[in-house]
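To keep things simple, chains are lettered A, B, C, D and E as they appear, and every chain counts its residues starting from 1.
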Amino acid sequence: MVSALFPLVVDGAVTRRRGKVLAGPVSLTLDGAGTAVVIGPNGSGKTSLLRLLHGTARLNEGRITWACGLTEARARQSFVFQRPVMLRRTVLENILYPLRLRGVAAGEARKEALIWAKRVGLSDAVDVPATVLSGGEQQKLALARALITAPDVVFLDEPCASLDGRATREIEELLCEVRAAGTRLILATHDMGQARRLADTVLFLLHGRIHELAPARAFFERPQTAEAAAFLKGDIVE
Amino acid sequence: MAELWNGLVQAFWLIVSVDAELLEIALRSLHVTLTALVIAAMIALPLAGVLAVRRFRWRRFVIAVLNALMGLPPVVVGLIVYVILSRSGPLGVFGLLFTPTAMIIAQVIIIVPLMASIAHQSLRELWQEYHDLLISMNVTEGQKMRTLLWDARRALLTAALAGFGRAIGEVGAIMIVGGNIDHATRVLTTAIALETGRGDFALALALGFVLIALTVAINMTIHWLGQTERDGRW
Amino acid sequence: RMAVTTSFHNSGLADILLPEIARDTGLEVQLLVVGTGQALALGQAGDVDAVLVHSKAAELAFVAEGHATHRREIMYNDFVLIGPAEDPAGVAGAATATDSLSRVARAEAPFVSRGDDSGTHRMELALWAQTGLSVEQFDAWYKAVGAGMGAALNTASGLGAYVLSDRASWLNFGNRGTLSLLFEGDPVLFNQYAYLPVNPERHSHVDAVQTAQLEAWLTSPRAAALINGYTLSGQQLFVFNATPG
Amino acid sequence: MAELWNGLVQAFWLIVSVDAELLEIALRSLHVTLTALVIAAMIALPLAGVLAVRRFRWRRFVIAVLNALMGLPPVVVGLIVYVILSRSGPLGVFGLLFTPTAMIIAQVIIIVPLMASIAHQSLRELWQEYHDLLISMNVTEGQKMRTLLWDARRALLTAALAGFGRAIGEVGAIMIVGGNIDHATRVLTTAIALETGRGDFALALALGFVLIALTVAINMTIHWLGQTERDGRW
Amino acid sequence: MVSALFPLVVDGAVTRRRGKVLAGPVSLTLDGAGTAVVIGPNGSGKTSLLRLLHGTARLNEGRITWACGLTEARARQSFVFQRPVMLRRTVLENILYPLRLRGVAAGEARKEALIWAKRVGLSDAVDVPATVLSGGEQQKLALARALITAPDVVFLDEPCASLDGRATREIEELLCEVRAAGTRLILATHDMGQARRLADTVLFLLHGRIHELAPARAFFERPQTAEAAAFLKGDIVE
């Protein structure tokens, strides 16, 4: 079952801020299944690209067209930011917030939220103020909050950056489940291991542009561009 | 200097010997001001929310004007309200002039800009923090505002208290539209003005100290109830 | 509702009369204490049912313009010249009010003027006119404070300045500082209070019956007794002079 | 209603035909208020800084009192200042009563609590953000405050504007300590009160509109200079 | 040359917040050289421990004694937070801020700051507002800001969490230089590779307590406790 949002067609999209090009021009077509992983050095524009596709960043040039139209798309996507934003409420209230927005009854929402708190392993912190959570815990919360509405597409900006190995594993499994359930994942990461494990297609960004776009296996085995190769090597350890 | 001291003493006696007349005007002061405060809040807070959340063409202009209106001279507000409520004015038929209602109207006009400006200040801070998240959840304008207002409630307290303070201490406007009629529209501030005119400074000061004590007491309670300034709370 | 001048209200006479009025006629009179000018303005706008002020010229104009049905003199009190006890201008020795003021002018002693078109202010200007000096040419010693009687007295006491006040306000005034009563009794200083019922034809909501009722009471012997009987620190303040009709 | 219209017309003429007297009192208003504003800022901002940064025993109490003092009735402030400055008062020797200085003093007392409360509100928001960093650099209290005040300068604008507004529109206090003496201590607000007392509502309103126009103009300029509400700025 | 701050003696130190123990009781002694790496699952108390040692977190029980006394120590240490705090100023002003605090002349400070901006690779962003930097760039900035005062001890809380492979390498080299120059590093990380590369001693945290404290080589080759072993395994990939 592929979501009605796709294919997503991006055509020469650019986002600027005070004259500086943050990302683009970008042109690509994404179909509705699997995981697209965005990699690239710091400041290459991963976050900006995600924000651009999602619509959080202003589209200064080009076109971004969702199969089902923008408004529809807006309602069906969600975002996990690199620096998670915590509402000044308890963990539970944070997780059930999107449900309340959709008018789900309080009790209902609460149950659902508790389930998700469990899934991301925050069960025993549901009642603490979200802002005091540890870095990793905040990322988990953000993830649960993004997934609880069962969106058709999720943008994940380094969702495991400050998770320990075990948690990373669990979150990855969670993401695989979600993907299996038909949610499109668009994920930016610096963890090449993670990229290898999750990616179906890889977007390699450099200076805001898509430098290489290829199926995961192909990309990791023989990157077409020298830069990509160098980037991968730069990452290999020992 | 003697007046100051006498004032304090008189104030003390007025309070301990629960002076009936004092009680009456004090309660009227509270009734008028609190009503005005509630109404003003219902106008100012949503307004502040809109200004924080919406990006419309005249936004900066509106904000500047709002800030400027904090300087509305009470007397002028009083006059305008008077002219409108006067028998020969458009709303004359309701005969609202020289009633507490008129005073409430005047106070609302005076404190709305103040409260809106302060509230907007806190809300935009929070909005910068929440912006991305709320956008990403594509919430409606209304929901944005409700979320902001709710999560910034402690900060909004300052706005409310400022409004309350401005209203309860205000005299210029309510003197004109209320008329300081004994047993009808006399409140603490107008009574103070009256005694000052009589040159009875001690009594005027006494009433003043009563008024100050009242506001301090109210602020204390609100702060304690609000549990503000506690670690880890917002 | 009746608008009265500060000076009348300050006298404290109102506190005596109102309860009596309520008892005798059952009218609940609400007093709006304002400057003469504002009082008349309120009457003109129909926001009060009657006006009690002391500024003949203005009152006649008010009636002439038809804002009030007629003008009924009720009583009078008098103005007094207040000044610092040491009396640098030697006002105390003056023969007439005019003379006393010209002394102040000659000594250029600080003088506080109401400067707000109130009855008191107009009286003062009238007196200055008689001295043949023009107020416009006075310099810093002549301070037009543009405020109520009480405020003017406060300013005067703060400055140790001369000031023309109605007797009532003065006797009721608490913040005297160095001030004391220096000149009184010149007949020109008499201060006529008149009652002006607002014209019901202009303002339908004005209750002509009640205003008439009040007028009747104010001109009644009963009122006469009360007004003449009212004393403050041993002095009679007002003299009832309404022509019974 | 007529008055409103006449007022507007008169206001217009007063302005275009640069009325000498109007100019004089308008300038005096500005001079008094701006001086008071500067002095008040020098007191209120550091105070707000201390309240945001220090954690002392009576902190919450002080904050509550400060909020309460926003409700200081101008008339009472006026009286107190009067009593202190009057010849018989402790500072009588300086003969400050009925001078612009006295008016400035009164206004400072009135706006300091307002400005301090608003400023503190913004500073504590920022402090929560900076807390860890500044602690980790073990900066001195003074440096903390300077950093906060500097980085929150845009937010502090609201405090300043609120103070300015309150001061320029205030009449109760300056009437008592200034005395509204022609060519000496008469300012816009006291002139308005005078005209009101005279019953010349149209002129009073005209002056009122001039005053409002003035404040609006000033706020605009400040906003434009301050480049507030621009994307990505603080 | 070993700093006068050390040895640091911690004795039964505990930090609590609203009744909950965030870290401790902890007892250990740190001498003045090398790198101590703090590892442990999310929420195990790494950040709290660092804050406790540094003094940002309240010490509710026990004692923490620096050889040279606390005030002295305070002046000579600095901290890189997991969630870097950006002053609302330009990048350059952020980096030179600590120097200004120490009363270094403006021009002087500016030169120094530019050098450090270069060392962490932010040379071409010196004049943008720090708050708009990308996640990685913010971490680099925080690092430069912490090191510019040449402190005797630096607490690093996951300093490379959102850095790309290359940047991570460069930062690690930078850290090694700093360490060689006599600065004591206390670093919390989730990246076991990084831990292996940098650690001299390892502190393995669990539920706020030090579960295992051992020399790096020993720890990674044969962890003494089952939990440590499990944690390391949890991290090994494929």
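As a convention for this text, a contact is a pair of C-beta atoms (placed from the backbone, for glycine too) under 8 Å apart; a residue touches a chain by one contact, two chains touch by 3 or more.
Every value quoted in this text rests on a predicted model; they were computed, and no experiment measured them.
Trainee: In contact with subunit B and with subunit E at once: which chains are those? Just list them.
Mentor: Both subunit B and subunit E are touched by A, D, going by the contact rule given at the top.
Trainee: What chain lies farthest away from subunit A once each centre is taken as the mean of the Cα atoms?
Mentor: The chain farthest from subunit A, judged by C-alpha centres, is C.
Trainee: State the pair with the higher C-beta contact count; candidates are D-E and B-C.
Mentor: B-C
Trainee: Based on CA centres, what chain would you say lies at the far end from subunit E?
Mentor: For subunit E, the chain whose C-alpha mean is farthest off is C.
Trainee: Using mean CA coordinates as chain centres, what's the subunit C-subunit D distance in Å?
Mentor: 36
Trainee: Find the geometric centre of each of subunit B and subunit D from their Cα atoms only, then give the gap between the two centres in Å, rounded to an integer.
Mentor: Roughly 17 Å, centre to centre.
Trainee: Any idea how many Å lie between the Cα centroids of subunit A and subunit D?
Mentor: That gives a centre separation of 50 Å.
Trainee: Rounded to the nearest whole Å, what is the centre-to-centre distance of subunit A and subunit E, using the mean of the C-alpha atoms as each centre?
Mentor: That pair's centroid distance is 28 Å.
Trainee: If a residue has to touch 2 or more other chains to count, which residues of subunit A qualify?
Mentor: 17, 132
Trainee: Two-or-more-chain contact residues of subunit C, please, as numbers and ranges.
Mentor: 148, 151, 154
Trainee: Scan subunit B for residues touching two or more other chains and write them down.
Mentor: 3, 88-89, 196, 201, 232
Trainee: Quick check: in the complex, which residue numbers of subunit B touch subunit C?
Mentor: It comes out as residues 3, 86-89, 92, 95, 97-98, 179-182, 184, 194, 196-202.
Trainee: What residues of subunit B sit close enough to touch subunit A in their complex?
Mentor: Residues of subunit B touching subunit A: 129-130, 132-133, 135-139, 143, 147, 151, 232-234.
Trainee: Going by the contact rule at the top, pick out the subunit B residues touching subunit D in the complex.
Mentor: My answer: residues 1, 3-4, 59-60, 63-65, 67-76, 78-80, 82-84, 88-90, 113-114, 117-118, 120-122, 125, 155, 158, 161-162, 164-166, 168-172, 176, 188-189, 192-193, 196, 201, 204-205, 208-209, 211-212, 215-216, 218-220, 223, 228-229.
Trainee: Write out the stretch or stretches of subunit E touching subunit D in their complex.
Mentor: For this pair, the touching residues of subunit E are 51, 54-56, 74-75, 77-79, 81, 85, 87-89, 97-98, 101, 129, 131-132.
Trainee: Show which residues of subunit A lie in contact with subunit E when the two form their complex.
Mentor: 17, 40-43, 47, 82-83, 125, 132, 134-137, 140, 158, 161-169, 190, 192-193, 197, 231, 234-237
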